[in-house]
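Quick one: the structure is below, and I'll ask about it shortly.
Think of it as A, B, C and D in the order they're written, each chain with its own count starting at 1.
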Amino acid sequence: MVIHLNKSVGKEQAEELGRKYESICFNDGTRYVLVTTSKVKEADATLKAAAEATFVTDTDIQLAGKQYMNDTRSIDFGVVSIGGANNNTLVITGPCSVESEEQIEQASALCLELGVKVLRAGAYKPRTSPYTFQGLGLEGLKLLDKMRTKHGLKIITEVRDSTHVDEVIEYADIIQVGAKAMYDQGILRKCGKSNKPILIKRGFGSTLQEFVQSAEFVLSSGNPNVMLCERGIRTFETKTRFTLDLCGVAWLKQYTNLPVILDPSHAIGYAYGVADLSRACIAMGIDGLLIETHPNPKVAKSDAEQQLNFEQFRALYKSMGAVASAVGRKIV
Amino acid sequence: MVIHLNKSVGKEQAEELGRKYESICFNDGTRYVLVTTSKVKEADATLKAAAEATFVTDTDIQLAGKQYMNDTRSIDFGVVSIGGANNNTLVITGPCSVESEEQIEQASALCLELGVKVLRAGAYKPRTSPYTFQGLGLEGLKLLDKMRTKHGLKIITEVRDSTHVDEVIEYADIIQVGAKAMYDQGILRKCGKSNKPILIKRGFGSTLQEFVQSAEFVLSSGNPNVMLCERGIRTFETKTRFTLDLCGVAWLKQYTNLPVILDPSHAIGYAYGVADLSRACIAMGIDGLLIETHPNPKVAKSDAEQQLNFEQFRALYKSMGAVASAVGRKIV
Amino acid sequence: MVIHLNKSVGKEQAEELGRKYESICFNDGTRYVLVTTSKVKEADATLKAAAEATFVTDTDIQLAGKQYMNDTRSIDFGVVSIGGANNNTLVITGPCSVESEEQIEQASALCLELGVKVLRAGAYKPRTSPYTFQGLGLEGLKLLDKMRTKHGLKIITEVRDSTHVDEVIEYADIIQVGAKAMYDQGILRKCGKSNKPILIKRGFGSTLQEFVQSAEFVLSSGNPNVMLCERGIRTFETKTRFTLDLCGVAWLKQYTNLPVILDPSHAIGYAYGVADLSRACIAMGIDGLLIETHPNPKVAKSDAEQQLNFEQFRALYKSMGAVASAVGRKIV
Amino acid sequence: MVIHLNKSVGKEQAEELGRKYESICFNDGTRYVLVTTSKVKEADATLKAAAEATFVTDTDIQLAGKQYMNDTRSIDFGVVSIGGANNNTLVITGPCSVESEEQIEQASALCLELGVKVLRAGAYKPRTSPYTFQGLGLEGLKLLDKMRTKHGLKIITEVRDSTHVDEVIEYADIIQVGAKAMYDQGILRKCGKSNKPILIKRGFGSTLQEFVQSAEFVLSSGNPNVMLCERGIRTFETKTRFTLDLCGVAWLKQYTNLPVILDPSHAIGYAYGVADLSRACIAMGIDGLLIETHPNPKVAKSDAEQQLNFEQFRALYKSMGAVASAVGRKIV
């Protein structure tokens, strides 16, 4: 149960109630909020007296659920926003990894050419082998920061593990919690203490319930700016890298209040299908797309097969507007 | 290896060559064709002398592969066709099961109202329990036949097992090989002896390779009119009934010459997501859609949760044209 | 609900009650039995008057469930039996396919040498490609029949599809319904009209619920002699061919009354792990094992990688007794 | 390729070679070792001159592979060891979570009564919801430490995320990297700097290849004491919590040099199947078992359904010796 305490209830009293009802307590900017487990279905007299409103939920999808907030949350990136009353679909692009200043400058130039406002690239790569390229680390973050300052682009980059979460929170405009870090409470709670937008990628072996509950760790730490990113789940089919779960996206739209971003590049793992899948995602009415592009995919240090070259991306980008418009949305 | 024999090669000689090279032999209307296993990569002198053309393939995706035929096969339903040079996306609708004459008349009326040309409904239901509604059987087939005669609709219905394959081939305009019958060689080979269009549904535990190889059983029996239908695979995610595999659809479009039909109703298993998923499928550039509708889904004898009511379907149908048009296609 | 009608209730009255209560009706040798859907939880006055006993079940696992019959069913193969009060673990071996008389004679000789009583081999192979070895068909069945007559071995062989179900029922001592035919109601109902033991293999994409419900088709057609065979399910892991589901076996033992046979050869798909897995299965306390052996696996026409050679099988067989004995069972 | 440098090669030269050949460099106690990616298949003249031995591997399973070290690594826990030349199967038991001093004293008493040498219990619980019991944290670690001091038991406990990895490394005798932390390079590299035994649990969505590569992060950081723990993977089957992958265990035994520990409790998720599965695991010839027990499972704060009560565990423990002995192993 989510409990909005009366605005007159101060920090001390709120925390005391939190302890008493074994709840998480945070301030949402307007009032203190308590969240008990979803097994609590009714407020007792004490709680009722202190509460402005209560929201009973079926499962521990609480702050993220439609039963708590019916509209999709609005997330503001400064230059543009998604969710809420608008019907924007945000396009984000850039290479899998920052590889060099030259490469990230080329990626930035592509964004500027087309009007893409958010640049993606990884500095800390969650590689499964220790013997391959692991990303440029802090140096990569600084190159991204340079692109921001120089070109006015917004930056999204991934937290791989807790060792660099503070740096990423400091440098990025949007914090990406990687699929392999989705269950990491240390990272999630730190993201909850920031007020920057957080994009949580679904673990490829994670259920929708667990995925949304990861968002609950951030939301219940006080950061309301959470987006979910479906990027393919692992199934028995191996002709493609993963299986993009659009049925799951339909479920997320039906039952949660979180904006949904799609990553078709990681899902299929091959450039040939990215354009068709991207258009399919837009036609689903989703809030954003993450698409990997590289000035020369053949020499990419990671995910070479799935990155689009610039010509392919330009053609795709040009085709997006009509699809968005057909479903009452706008590419931003 | 697929071998087009010279047109001068007659039946007897073709079959002798077939035995010699451990090949399947059939007449494709123009000439005799041999298909060896894909392990054979080169024709010897005898074969070269008899062959007009040879096609080497990577795997046993042979007649269905782009290496054999680069364009998507054209399938003609009389009233309309898909594949080939046209960019049609065929919409098929109707209830999960034929339940009564009244119900199937209502379903037909919806088709006529909107201009939908193909009516779907099951007569033999592949239920997993023997203790539930099993379909009307032959009586159901006859009701479908009546709709065809009376209203000029084309009929698609499912073969569940070999006991009624002959009846279905006799009554239906399009033979649907059900997901649970996808590996049934008896059914597949019988379909190969017909020249009616065959729609093979992907088994929910079947790989793309196996799926296309099912089509090879039909194609190599002499029927070139095969379509594939993706209807969701079984994964660890249980919030939705199955997981629609659009990455797999991208792969099918890239590597095979078979038209691809999508069934979002069975994939998600719930009516709420069918409209969004249908539009996503259309934006993928696919050849057709199977959507379940029922005059009153609440009382449906099977799949009650996933069937759209007529109002929902009308709204969806109305929205399809714009999406199709945005990707250069046309709803038929 | 399963209803045991009074022994005085005759065929005509039983069938009339069956129609009235939308039930399946069959004679179990002692009395007529009705099975309604499991949604019916209570008998009305008419039914109570006609019933000797009623069994309410949670799901459509009815005749196969512990709520209906608490002990494991006893299956008698003539030479030996499993289930019931005994603690036998039956070992079945032989090649994937009958390839020639010489080969199947060698396989028979191995059985005779070690005292194995049941010989397995496929005549109709459910290959996923039409361009590979499809089995010897009826000729294969006749070779198996010859081994039975000549050596007194019991024979188990697979039904691939309905086209040859009658022949297999005629020739085999144990009818194996293949994993790809598990949902085939035509085959299952025919098996239900026989009284020979039926071994149903679990579809690699089938849930335990569906698996047991397949057995319900046979049981409710009047054949009580059904065994289940777990042979690996399809998961994301591809280093091994399938994933043997021993958790599922524990569930089957807990909730059903059907003997459970394990097939480690198909599960792992490689000979190296078959011995360890076989011993693990025995230690689970299961009723039987199907193990593929071949006089010369390297030249086998199907499943070459997973068949044990005779030396490997002899060593494995020798080690089985101690494991069985450690868990209070006996190898037969 | 793994390169054993000559013992005369010092730190500075080793590290310079490491940089030159883009390798990881560490000292294994005897000499400096370089590991390049597995794509490097041959040593050039410079490397040959500096190398004592080189080991070429197929994939980035390098230090963990049989091509590098053919025998199973020996792991010494002080009181007992596993792997190497001995045939010990180590039994570890205890509750899912430390809940109170009384509860963990009872768990310790059970170990002492039966001669179990290693006590398991979680202090930091990787719960998927923030609104449920999260573990006692540092207080829990201190209670475990108390049991060690007081009773001489060895302690294994889990690292959930990086925020407490230092504390766990300090307090535990065996560091358990939880399934949800399996990809966490920060944790893995820290474990690599310790010399305590590390038990890595397989992520439920992780391939065997990724699982073993996680071990490579620890091994290549200089800690040779790594064990793998299979605890069930996530599949479409939901009657049981996860699916224990014994085919995968056979693969690990065939291709890696790491001891393998099994956790049947988490795999099935229900107490009823734990005994049968435990005996199956022992019959596989594995190196150890983790089994959850609780003085009163019904009131357990986490995983209540899968923990054995003490009576059940005593009966299971008593039955283990005979199974181990049947496969030439010994319970320790």
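Brief remarks follow.
Here, a residue touches a chain if its C-beta (ideal position, glycine included) is under 8 Å from a C-beta of that chain, and two chains touch if they have at least 3 such contacts.
Because the structure is predicted, anything quoted here is derived from the model rather than measured.
Look at the CA centroids: the one farthest from the centroid of chain C belongs to A. Set side by side, the interfaces B-D and B-C show unequal numbers of C-beta pairs in contact, with more at B-C.
Chain B and chain C have Cα centroids lying 32 Å from one another. Inter-chain centre distance (chain B to chain D, centres taken as mean C-alpha positions): 48 Å.
Centre-to-centre separation between chain C and chain D, using Cα means, comes to 37 Å.
Shown for chain B are the residues that touch two or more other chains, namely 205, 209, 234-236, 238. Taken together, the touching pairs cover every possible pairing of the chains. Those residues of chain D whose C-beta lies close enough to touch chain B in the complex are 205, 234-236, 238. Within the complex formed with chain A, the chain D residues making contact are 23-24, 35-38, 60, 62, 126, 128-132, 134, 160-163, 180-181, 183-187, 203-206, 209-210, 213-214, 216-217, 220, 234. By the touch criterion stated above, chain D contacts chain C in their complex at residues 205, 207-209, 232-233, 235-251, 253-254, 267-268, 272-273, 276-277, 279-285, 319, 322-323, 325-327.
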